[in-house]
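In the part that follows, the structures are each spelled out as structure tokens.
Both complexes below contain chain A, partnered by chain B and then by chain C.
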Partner chain A sequence: MKKTILLALTVMLIIALITGCTQSSSKSDKILIGVNYELSGETATYGQSSVEGIELAINKVNEAGGINGKLIELVKYDNESKSANATSLATRLMTQDKVLAVMGPATSGAFKATIPVANQNKVPVISGSATADDVTVNPDGSVQEYAFRICFSDSYQGTAMANYALNNLSKTKAVVIMDSSSDYGKGLAANFVNTFEANGGTIVAQEAYVSGDTDFNSILTKIRDLDFDVIFIPGYYNEAGLIIKQARDLGIDVPILGADGFDSPELVNLAGKDALNDIYFSNHYSSLDQDPVVQDFIKEFEKKYNKQPDAFNALGYDLAMFVVNGIERAESLTGEAVKKALESTTDFNGVTGSFSIDEFHNPVKAIVIIELKDGVQHSSERLSLD
Partner chain B sequence: MDQLIQQIINGISLGSIYALIALGYTMVYGIIKLINFAHGDIYMLGAYIGYFCMTTLKLGFLPSLFIAIILCMIVGICIEKIAYKPLRNATRIAVLITAIGVSLFLQYGTMFFVGANVRTYPPLTGLMAKRFKYGHTLISMHQIIIVITTIVLMTALQVIVKNTRIGKAMRAVSLDKDAAQLMGINVDSTISFTFALGSALAGAAGVLVGIYYNSINPLMGTMPGLKAFVAAVLGGIGIIPGAMMGGYLIGIIEVFVSGYGSSMYRDAVVFAILILILILKPSGIMGKNIGEKV
Partner chain C sequence: MKKIWNKVTAMRKWVFILLTFALVQLLAQVGIINDYLQATIATICINIILAVSLNLITGFTGQFSLGHAGFMSIGAYSCAIVLLRLPTIGGFLLGLLLGAVLASLIGFLVGLPTLRLRGDYLAIATLGMSEIIRVVFINIKITNGAAGLSGIPRFTNWFFLYLFVVSTIVLISNFLKSSHGRACISIREDEIAAEAMGINTTRYKVMSFTMGAFFAGIAGGLYAAYFYYIDPGTFDFLKSIDVLVIVVLGGLGSISGSILAAILLALISVVLQDISELQMIVYSLILIIIMIFRPQGLMGSKELSFKMFRDLGKSLAFRKESE
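Let's look at the complex of A and B:
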């Protein structure tokens, strides 16, 4: 009995010593950046991919000597895909770990939950993939002072795809099959429909499903006999892959459009490569892009992780580089100074395109439209919307 | 007309899956009056076992189906022995809560081992991937496989329940557990056998869904589980032919709601049916009204 108590005390002492040491030494010669991501739970794939990109970027910066001689240290926590955890972790990162900025979370809901904490503690939070429209603005239209993002919004994608269908593909009769269980699906659908109809197209039918559905035969059988020439699927690859497969099985061979939710290597497994013809979707980046920044990133990524990077990897990488760039230009190592530096970012040249930050802390950047042929990316083009 | 036939075909394929799962619910309820909420997750395990047989072990459809059925039987028996048997004399609500616990354990346990990602079944080739076209109506080989497998399994179940000694024991235990025990029936092994049968059907349904929709994930059991539960209640819980009928009815209703009404209301209609049947005829379509003895 005595022995165990003694042992427990010793262990506690050692732990206290170790943590005490690292904290005291890290403050002086390291720059701490928080990473608050969905590493487990429903949206774990987005969080994990983003963090892979972030770690690649930070390693690269550290190998090159860090920021002004100071190495960057990531303080990484898992919010388990829960908004409440995202809030408490943001608080912990800012008040206990004293980080200079926080990256993440990946999804809009969780990211929004950290913004009040950021404003209160004057530490910027930056998301690489929170695409909901109202992420960086208050309900009254004013900007959330300490929130930034480096990806375009859902409405931007919906509008871009509607224009692409009308102008580039010359299609005027669309069916929309939307994921009604996510803000993402609903937001995209609304913007697509508005733009499509405003510019002379007709929406022939609008159907809905919820995330987790696997049977779309009834919906597809219903629309099969209608007169339409394009399908828009605002949703994620899990269901979109199955919709595409079942549609092609039923003999529906019109072009199918989607957004960045299509971007996953799983899409081809779900739909089968024969079904993936005439598929167009908007995305943040394409591996076909010959820009050296993109090609270098792909090479480095493949070397480290032995796989092709996806858009979340690219956004994570850009996010980390964007934050590093901000810290380098900041007048001092305080949250306020970093925020000012981020606000003044112009022509940041990232993997997902070059962009500047506008007054609402959104990037102004071009969208990439990717065409799939036999399940592989066949071509990509940049489309800017003005 | 074409569309009607096509929708009926869609409905029957979907209904077969619900029927297979509903059978397990109904048998377990019939014998120990427990809504086994972990049942949908056994179906999920069946899908994963089939997946690993087909991808890692590179087995064909039939061997994979067979292995999934056997392993799911074992899992079903284990769950009964570990989680439900110690609570045989506890209140029904305690067992029900345990069932929910087992369900969550299976879901997140699976997620821990295989990850939260969606997995895709390898595409079937040759004859298994064929599609038949009659005019404007399409039937895929997958749909035929699903319906045939379901019919074979249901016939086997009927034979077991009606014509074997263990089937007789099952019926006796479900009628009156204590009396059955007095007549020399081993109640514990009969209950285990019931769980094994139900789990076998659920495991088979899992593999069939895997080849039909080729997308599986650790939480896939929840929704079909609930809908199969509705199907079991609709047909009359505890009644085996009722579960089959309920399964097919729910499948066809679901398809018709999204095919002729709005896909938005599909799930709402299914659960509205549950509410209606509980208000109007709680014993289900095939159930007899028996006054509860006090």
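Let's look at the complex of A and C:
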């Protein structure tokens, strides 16, 4: 009995293998775009959110007739948040499925792992959320030919927040409490400190914590008696929420600044509504933005998914629209032509702001600064760095 | 007459090994095996080296280790760091060797105290060791911290993959046939009885642990020189579990089982990639079904051999006759 079942299973498996391998059909009437995202594993939330945005955008384009009469078909794979899978799936998309461009992965590391494949096969890879500083450039400073991104880098946010503190809030004495266990935290802190000091501010103290910490009272009591007028917390919402709560409890009521790591509904749950006053953080987009592009996107997104879009949804949407825009302008349907078209993108008007692509394949775009009042987004403004 | 027959039998293995190499090489050259299948083959080969070396520790010596990803990461980082400074074949081989030696050195140092533990305790200790290695890589400068190393040149190709897979299998199976190997197996069967027979159990446990770490280091080096990018997160304890799954699925104490399981699991994930959302669910279901019907693993502790096929042929012929 057992043997029969085993045999049956083996046969089924072999059939599955054969059918799986011979699945090649002629799709010349469609434009294929690869989607290589983290749908499961550690960073699945980023991947899933991005893909929701991408699918919304592609549906919209297809309903409007596609690109020059050709419909777009997404070839979607899950890289399980593993960089090796990202590499081999990029290879699969480019050499076996013959896609025109690949979107994703969402995280910097996995995205970097697909870039050599892209350069080799001359198919562009574009990420919506790979924010590490060196993603699109080689170690020698030259540009990675076939890699693009549409989000600003981590260091850009640090610089922007330093300028915002000095110029818009007129604060000159800062305390930095950073997450020393992530590159994100370290990169943001370094750029904030450099810009802040270069433009006349002083860093009164620099403290560090590691992700997973829950009690910050020793840090906070240490800085409480110092003379400062602003706090910068480069880190994620899990710890930042607790730091804000404990700081306010200790009577520290200066403005607190952060970056896109603050963008989560969890922040309110951790810090409480009352503590979330005078909080400013940089982000990719704000739902308060009255730009019709943003408001239309929010409406369509809520209609399809019954929830408020977050920054990754918005970036995914923009990413797909950006790629579609590039393909529309490409001279022919080849990876090289699409790459050239993407390089020459100017004033692309997206949900996360309008941007042009610079010589290093990064977007030149304004950053959004959001102010929280009683735990809700009170106001947002766009800040561009020149 | 028998001598000649023995010679042919011995030769047959090498002919089989060379033919497999030539076949894949040829299919890759004419394009039947495309770049994506080559990447899958690379994954399979690296997993075979990892699984066979872990099988030596867990399957044959009976020491439950969860630290294989740690050894692999040492190999990967050594090879990557050397390759980024010296991007030549020489650098690649130097990196591989350095990684393997460092990994086995760490294996030796960690093995000495921890292998006095047994069962679950050893598993926790090795797990802790691989986490320590990972955290060290996050915090030192030369590894570029949590961001990892990118732009590692690709030197791993079918030739090197196959060379190292075959050497790993040959070396480990020959080791197991030697008196040292038998001593390791006796520890698995009954540690107290082995000790009573005068076997220095700690010594043999450390020996197999060090050897396993050596080959895991090689696998890590091959990985780094194939997949362009490594970061500490790649080598977390889930990676150790992945390897353990292959070993248990193939059969604890069966080298050919580990090879079969590594190939099977890679093929299953290739097929399942077409159903991206359900992929992990179906994958897990297949694992559960296999473990329910084959709790001893695909091969148990048996080995696949030419003799097995001959016997199978004979028994089929016999069945026909009797009908």
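Note that the second predicted complex is superposed on the first by the 360 of 386 C-alpha atoms of A that agree within 3 Å, B and C clash if a C-alpha of one lies under 4 Å from a C-alpha of the other, contacts with A are read in each partner's own complex, and residues count from 1 in each chain.
Everything below uses one rule, namely that a residue touches a chain if its C-beta (ideal position, glycine included) is under 8 Å from a C-beta of that chain, and two chains touch if they have at least 3 such contacts.
Remember, it's a predicted structure, so these values are computed and weren't measured experimentally.
Enquirer: Which partner chains sit in contact with A:40 here, chain B, chain C, both or neither? Use first/second/both/neither.
Expert: The answer is both, since A:40 touches chain B and chain C.
Enquirer: Using the superposition on chain A described above, determine whether A:251 touches chain B (first), chain C (second), both, or neither.
Expert: first
Enquirer: Check whether A:356 is in contact with chain B, with chain C, with both or with neither, and answer first, second, both or neither.
Expert: A:356: touches no partner chain.
Enquirer: Between chain B and chain C, whom does A:379 touch in the aligned arrangement: first, second, both, or neither?
Expert: neither
Enquirer: In the overlay, answer first, second, both or neither for which of chain B and chain C A:113 touches.
Expert: In the superposition, A:113 contacts chain C only.
Enquirer: Does the superposition put A:207 against chain B (first), chain C (second), both, or neither?
Expert: After superposition on chain A, A:207 lies in contact with chain B alone.
Enquirer: Could you look at A:269 and tell me whether it touches chain B, chain C, both or neither (first, second, both, neither)?
Expert: first
Enquirer: Once the shared chain is lined up, is A:167 touching chain B (first), chain C (second), both, or neither of them?
Expert: After superposing on A, A:167 lies clear of both chain B and chain C.
Enquirer: Of chain B and chain C, which one touches more residues of chain A?
Expert: C
Enquirer: Both chain B and chain C touch chain A; at which residues?
Expert: 40, 42
Enquirer: Under the stated contact criterion, what part of chain A meets chain C in this complex?
Expert: Against chain C, chain A makes touches at 2, 5-6, 9, 13, 16-17, 20, 23, 39-40, 42, 76-78, 80, 82-84, 87-89, 91-92, 94-96, 108-109, 112-113, 115-117, 121, 132, 134, 138-139, 181-183, 186.
Enquirer: Show which residues of chain A lie in contact with chain B when the two form their complex.
Expert: Touching chain B from chain A are residues 40-42, 44-45, 180, 207-210, 212, 214-215, 217-219, 221-222, 224-225, 238, 241-242, 245, 249-251, 266, 269-270, 272.
Enquirer: Applying the document's contact rule, which stretches of chain B touch chain A when the two form their complex?
Expert: Result: residues 2-3, 6-7, 10-11, 13-14, 116-118, 120, 123, 131, 138, 140, 209, 213-215, 217, 219-220, 222-223, 254-256, 258-260, 262-264, 267 of chain B touch chain A.
Enquirer: Could you please specify the touching residues of chain C with respect to chain A in the complex?
Expert: Chain C reaches chain A through residues 34-36, 39-40, 43, 138, 145-148, 150-151, 154, 223, 227-231, 233-234, 267-268, 270-271, 273-274, 276-277, 279-280, 289-290, 293-294.
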